[in-house]
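Below you'll find a set of structures to go through.
Note that subunit A is present in both complexes that follow, paired respectively with subunit B and with subunit C.
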Partner chain A sequence: MILLRLISWPYTRKHLLRSLLTAAGIMLGVAVFVGMHTANQSVLFAFHRTVNRIAGSTELQVAATEIGFPEEVLEIVQAAPEVRVAVPVIEAVADSGRQGQGNLLILGVDMTGDRSLRDYDFESADESIVDDPLVFLAQPDSIIVTGEFAGRNGLRLNSRLPLLTMEGEKQFTVRGIMRSGGLTSAFGGNLAIMDIYAAQKVFGRGRMFDRIDLAVRDGVSLEQCQAALRKLLGPGYQVETPASRGQQFESILRVYAFAIRINSLFALFIGMFIIYNSFAIAVTERRPEIGILRALGATRGQIRTLFLGESAILGLLGSAAGLALGNLIARGIAGQIAGMLDAMYGLAERAQEVATDPRLAAAALAVGVVTSMIAALIPARNAARVDPVRALQKGKYQVLSAGENRARRLAALALGVVSASLLLWNRNAWMFYGGYILLVASAVLLTPALAVWLSRCLRPVLRRLLPVEGALAADSLIQAPRRTSATVAALMLSLAMVVGLGGVARASVGSLHEWIDTHLNPDLFVTAAENLNDRSFRFPADMAGELQRVTGIAEIQMVRTARVPFRRTPVLIVSTDIQVLERRVRARVIAGDETEMHRLAALGEGLIVSENLASLHNLRLGESVEIAAPAGLLRLPIVGVTRDYSDQQGAILMDRAVYVRYWKDPTVNVFRVYLEPGASPEQVKRMILERFAGHRRLFVLSNLELRAYVMRIADQWFALSYVQIAVALLIAVLGIVNTLTVSITDRRRELGVLQAVGGLRRQIRGTVWMEALAIGLLGLILGLALGAVNLLYVLEVGRHEGGLILDYQYPYAMALLLLPAILGAALLAALAPAESAVRGSLVEALEYE
Partner chain B sequence: MSRRFLVLSAFICVHLRFPLLPAQDAPAIIEETQRRSRAPSRRNDGVLQVIDARGRITEKRWQVHQLGSYGNSKTILRFTAPPEVKGVALLVVNHPDRSSDQWMWTPAIARERRIAIQDRATRFFGTDFTFEDLEERDVGQFDWKLLGEGAVDGAPCWRLEGRPKEKKVSQYTSTLLWIRKDNYVGVRYENYKKDQLVRRLNLSDIERIQGIWTPRRWEMSDLARNSRTILRTENLQYNVPLKDADFTVQALRREP
Partner chain C sequence: MIELAKVWKQFDGKRQVTALEDVNLAIERGEMVSIVGPSGSGKSTLLNLIGGLDRPSSGEIRIDSRALGGLADDELTRVRREKIGFVFQFFNLLPTLSCLENVALPLHLQGWPRKKAEARSRELLELVQLGARLEHLPEELSGGERQRVAIARALALDPPILLADEPTGNLDTANGQEILRLVHDLHRRLQATILVVTHDATVAESCPRTIALRDGRVVGDHRR
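Now for the complex of A and B:
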């Protein structure tokens, strides 16, 4: 402690900026880790809270996926002796129609029984509504809103609230305002209650309910009731506790959470290199000080502890700052995650409160401190090894950062071989990820050797550019490879990650375009919701006939998409008329015969699955699969596997007749409209809108608009890679500043001599700049090379974890963009150290000569 | 003999004839009460007033048609006022061996819905009656005891106590009822939860209509809420020509 106060603190105070930069390394890693996890957790928490608040005293919920089920099921459930109360519910998300107020979660309930499960505490209401559900039921325009929503929108009792329903815009009357607390805080207060039968009409649900909330009779356990209802209803129905509803949401967030974990790990790993570098500088600069301490009797252990203590404190400070920054990042991206989930899955959930979980904060602090200490281990060991005699001999430097050893190269080689073997015998996730980690470790160990070799190759080039400065810069890199290798390694890792993500983005965009060209080829799409994944609103099937009468329309294809559980994962069912599909769509067939698969699927004798579903669940052509549906267990063979990006969790294509038969749901989400030759899409769009104006809610998207929509979703997903690029640039700047500082300290005498024999300040500056550029270039070359291998792994990770099957496409354009960005960042990072080199005291530099 | 006993119904009146045989015990008194109020069918208009703790009055008017009685009855109730509930109709089909089936017709959305009142302690559409109060109770599920005699509005009555044999049968722990000795009409019901009186029903304005002694005014007081509901029947007729087809979900949709 005394050593920390007497020795470490003055040094830190003297080099405050550098200390801050070092702490920034850990801060960045912790911030990315905390920020992304907190954002993810906040969205998840908001979802769980909404589920719990809405559930009230519901003990079990009966659902048949998101599709719903016929009303008759309610009577079966209510008649079960194990059930005390069972009430139907429809849940839908509708645009509130209020500027900046987002979506409104509408809960359709049956007020005659619902109060047995949910507490509607009114702060103001029409007395008859509060006391008499009859009035509420008799007037289908009745709506009850929360106090929060009413307050935000200036709504009072009997205010009119327009909502876009399936029958066009309808005016609703606020007949009750709920008091804050409990139920009203669900969905951030954007909650409204309607009569369930009015909601059926408004959302085009026909005579279906979304779910049944129930309470168990006294003396009956939840498990008993669950078992009894499962037996009664069959496998097509889920009987679960409200809390388990979050599982589907969590499984959807799983892929995103995985990407976050990888990013956080990389950020921390890179932060480690920055710490390492900074402590390497400190040890270099403080050699005389260490020598004095050793001469005064300080043991090696004490010196090591001193540096590790410094690193722990720095790690703690960096982590604390990282926590604060992470919270800010979380606030920024929670909305983005929610928006992405809404766009991709139609799951709208706003995280109202973004707060870091104390356990996560504690873990982040611990990880930050431990990472910092691990990073400082080697410099601390080097410091402990300082020979006091040599350290105190004027004019004799004990250069610790010089040299490269063979053992490291051999270890790198061995790790590389093991990694390749693991990849070749890739039997399970442990082998795969083990191989991945070993590959990264091998690349890191090999970095000094590769840096030397590349520096030698670069030397003639640098010399040609600036004969003196270039040669000096290259020599500096060749003579002390370990000095620069940490920065080069950090840059390399960061860029490898960027290339990996960029490659995925490029392949995705390419594949998406190909898929859009083949699958999404209708001229117009008529949808019930602005967001294609929002399945709250549905069309009745008979609307197809009316649509067909619009002049210019050649063919209409009815599509119903729905998310259903398949082997405990929510996958997308796409049901349509396969015969029309066969005529219009040329899918990329991965397995099976195109004609035969369509023939069998059209006959209702087979299913066509997406390639990602087949990959995620190891499905083979001809294999029989089972999907639990309200009408029984659908058991059909897989007759084809196609490349289909309809859903990240996988898609199952079936004929509409099969779907209607098994799910008892004749509704439609989207009408795919093919026009007659020569018909103008704009004109037909206008005619459709005119024909249904006022009595039908619909949106008509042109092919171009739909393409833009799909690509916008893809962009949201790949926004992560932009964060990674920003982190890479920051790493470049931080790392290079640190490395150059070490380099200048190490070469103070050399630079002093250079100035003394007539070297110009311009030349000294040029040397430092060239060195910075060279470091940037080394990092770029190694990063882009490792990125090529990393991309292979990332694609494999995407396939393993997300079922995302993409072709290998190296992101050349991104690599080209990175070249000026990283070199520019390197040059920027060199400005301050270069000035420090030319402005340093010449007398001090040559003191011992 | 039906084993069901109507504790209260807006649709049932009590048949009066001087006792042929003076009842000696509680079950016999109950059976005689049931027998005297039986009618094959009836129709009436009704006014329902809810007076809350602050003295505010809300009023609804309806028209009732009923076919059968004691556990096998079918009733259609149509609201005629105020305008916000006008046209809403309720079909109640009672069964001798299980809870009644109920459907509601809402003209504004042109839909009938099944009402499954699973929590029988739920208030009947904002009144002080619960759904259980309006059910035809199975006499056999209660232990009846003659407590003695008393008087209501000066009329001599038997004082009986009914306790459910099983807890789940009723929300109430016990019910005290007063049955007039002269006409076998139940004129007061007091419902207890544990030892706490929670609801009291008084029946009055008893008139003899087509040979059946019928209370024209029911007043239910909710002692916890300090509110009361008054139900008055008007234009009551027994033995009107009604048929089963008038009491179906399809018939519910047909507005008169």
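Now for the complex of A and C:
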């Protein structure tokens, strides 16, 4: 401890800014780690809380996925001897219609029995209506809201609340306002209760319920009741505890959570590099000090402990700052995550409270400290190995000896060969990820040698630009590769990640456009909700006839999409008239014959699955798949595999008749409208809106609008690429500042001689700028090259984890953009070091050796 | 006290350089010896080897009958810490530490409690007549004063051997003589074995024994 005070603290205080920048490396990594996990956990927590609050004293819930089931099932469940009370529920999300208030979660309940499961603690209520459930039933415009919602919107008893229902806008009357607490905290307070039969009309449920909430009879265990109901209802129904809904939600988030983990790890890894670089520089600068300590009798262990102690303290400070920053980040992105989930999956949730789990905070602190210490291990070891004799001789930094360089190159080659082998023989995740790590290690080990070689190649170019400054800059890199290699390596890895993500984005955009062109080719889309993934509202099938009468419409295709469990994963069922589909859509067929697959699917004798579903579940053409449905187990062979980006978890296309038969659900989500030749989409859209205005809730999207909507969702995912670019730029600046600082320290005599023989200050600055540009260029060249290989791995990860199958497309446009960005960052980084190079005593510099 | 037998030291670089060639020496306890020779004769290399800062390419070095050759780095370091005090030409004080803290550094490395280390440091600084400069930083001292702090530091753990590499090389004549007087005084009082590498004839002649080196070889060993 005393050595930390005597030796470390004076150095830290003298280089406070650099120390802060070093801690910033860990802070960044920890902040991303904490922020993303906290935001994700907050959204999950909000969802769990909503589920739990709404559940009340419900012990089990019966559902048939999100599709629902006919009303008759309720009687079957109520009649089961194991059930004490069973009540139907419709749960859906609607736009509150209030500026800035977002969505409203509406519970449709049967007041006759629901109050035995849920506690409605009224702040104020029209007792005559609320207390008597039959009266409540007779007032179908009754609605109960929470105190929070009422307070925010100035609602009182008997206030009117308009809601856009399937039959157009309807006015509802507030008959009850619930006190805060318990049920009302679900969905962030934006909760409303209405009669279940009114809810059926509002959301177009027909004669279907979403689920049944029930309590178990005394003396019967939960498991007994669950088993009995499952036997009674069959495999098409799920009988689960309320908590299991949260688990399903988590499985949907799996891909996103994976992306968060990768980003967090990457940010921490980059933080490690920054720490490593800073400590490597510190060891260089403090070599004389280390030499003195060694000469006075400090053991290697004491020197090593000193530097590791410094790194631990910096790590702790950085982690603490990272925790605070992470919380801020979490607040910012929790809303974005919730919005993305809403856009992609129709799952609306309000993550208002964002608080870091103490366990996550403790883990973040530990991770930050450990990461910092690991990063400082090699510099600490090098400090311990400082030769006191040479350290006490003021002079040049130890160059990479030929022997040491050879060993690194050989190790890099060996690791590269093993990595390539693991990729070729890729049998399982361990081999794949092991190979990936070895590739990165190989690239890092090769960096010094490649940097020297590239510097030699760059020398004539730099010399041409500025004869003296350029040559000196290149020579500085050639003679001291270890000084620059850490920065070059960090930049290389960061840019390789940018290229990887950019390549995925480019391929995705291309593939998405192709899919949109082929699949999403109707002229208009008539939907029940603004968000295409929101299936709360549904049309009755007979609306197709009414639509067909609009002038200009040639053909209408009814589509019903729904998420159902398939081998424990929620996948998307797309049901439509396959014959119409065949006429209109030219899918990209991956397996099977296009004509034959459509023929069999139209007859109800087969299913067509998406390529990502087939990849994620190892499905083959001809393989029989089973899907549990309310009417029984649907068992059909796969007759075709197509490229389909409908859903990240995968999609199953079936004929509408099969769907209606097995799920007893005749409703429709979307009408795909094809116009007659010459008909104007804008005109037909207007006519549709006019025809249904006031008595039908619907939205009409043109093909262009839908295309823009799909690309907007994709953009949210690819926003990660931009974050990566920002990280790469930050690395460039931090790393180059540090590297140049050491370079100037090492070259003080050389720069002094340059000035002594007549070099102007601007020429001295010029050599520093040239060195910075050269470092940026080295990182760029190596990063773009490694990125080409990294893209292969990233595509493979996307396929493994997300079932995303994309073509290899190098992001040339992005690579071109990176050139001015990185070189600009390098010049910016060189400003302060260049000034420092021209300041200071010339005499001192010349006496330096 | 100090024995060298057939000691060679070669440095490998683009060309192999022989810094010391077949050096055989014996220095008794309590002797004060000057080592002279032109630039590049191997004087500093000899001192570094005796002080355990470097290892010979071949041959044996013994300190107090203990061979340094087979010792692991930590062991060698402990021998250096406990048995040898180093005084450098350029002082090599830590610029951010006060005189008191600089002198206490070897004691802290040895694990002495803070108060005890400070007391010992005070005592040593009094010994070298810098009792009034305890809290001063090196940059606030003259060259001679800095060298006195360095000498005090070298004596912190009461080593039996003191190695001084050009202790007056960076000082003016007056300060140099003052330092020389101090070294002699310490030699008389502490009966330490002292080796002084020097270019200065005055310094060399003030020592009872002078060893001359040329081109890495011992070419003279003169006792007065």
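One rule holds in what follows: the second predicted complex is superposed on the first by the 833 of 849 C-alpha atoms of A that agree within 3 Å, B and C clash if a C-alpha of one lies under 4 Å from a C-alpha of the other, contacts with A are read in each partner's own complex, and residues count from 1 in each chain.
One rule holds in what follows: contacts are C-beta pairs under 8 Å (C-beta built on N, C-alpha and C of every residue); 3 or more make two chains touch, one makes a residue touch a chain.
Note that this is a predicted model, so its numbers are computed, not measured.
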>> Quick one: is A:201 in contact with subunit B, with subunit C, with both, or with neither? Answer first, second, both or neither.
In response: first
> With the two structures laid over each other on chain A, which partner does A:389 touch: subunit B (first), subunit C (second), both, or neither?
Replying inline: second
> When the two structures are overlaid on chain A, which partner does A:596 contact: first (subunit B), second (subunit C), both, or neither?
Replying inline: neither
>> In the overlaid three-chain picture, which partner chain does A:86 touch, first (subunit B) or second (subunit C), both, or neither?
In response: first
> Which of the two partners, first being subunit B and second being subunit C, lies in contact with A:113: first, second, both, or neither?
Replying inline: first
>> Looking at A:139 after the superposition, I want to know if it touches subunit B, subunit C, both of them or none. Which is it: first, second, both, neither?
In response: first
> Just subunit B (first), just subunit C (second), both, or neither: which does A:169 touch?
Replying inline: neither
>> Quick check for you: in the superposed arrangement, does A:295 touch first (subunit B), second (subunit C), both or neither?
In response: second
>> Output the subunit A positions appearing in both contact lists, the one against subunit B and the one against subunit C.
In response: none
> Can you list the subunit A residues touching subunit C in their complex?
Replying inline: 2-3, 6-7, 10-11, 14, 288-289, 291-302, 387-389, 392
>> Under the definition above, what is the set of subunit A residues touching subunit B in their complex?
In response: 71, 74-75, 78, 83-86, 110, 112-113, 115-116, 127-128, 131-135, 137-140, 197-198, 201
>> Quick check on the complex: what are the subunit C residues that touch subunit A?
In response: 48, 51, 53-54, 73-74, 77-78, 80-82, 86, 88, 92, 94, 96-97, 101, 105-106, 108-110, 114, 153, 157
> Which bits of subunit B are touching subunit A when the two form their complex?
Replying inline: 50, 52, 56, 58, 60, 79, 84-85, 87-88, 104, 106, 108-109, 111, 113-119, 122-123, 125-126
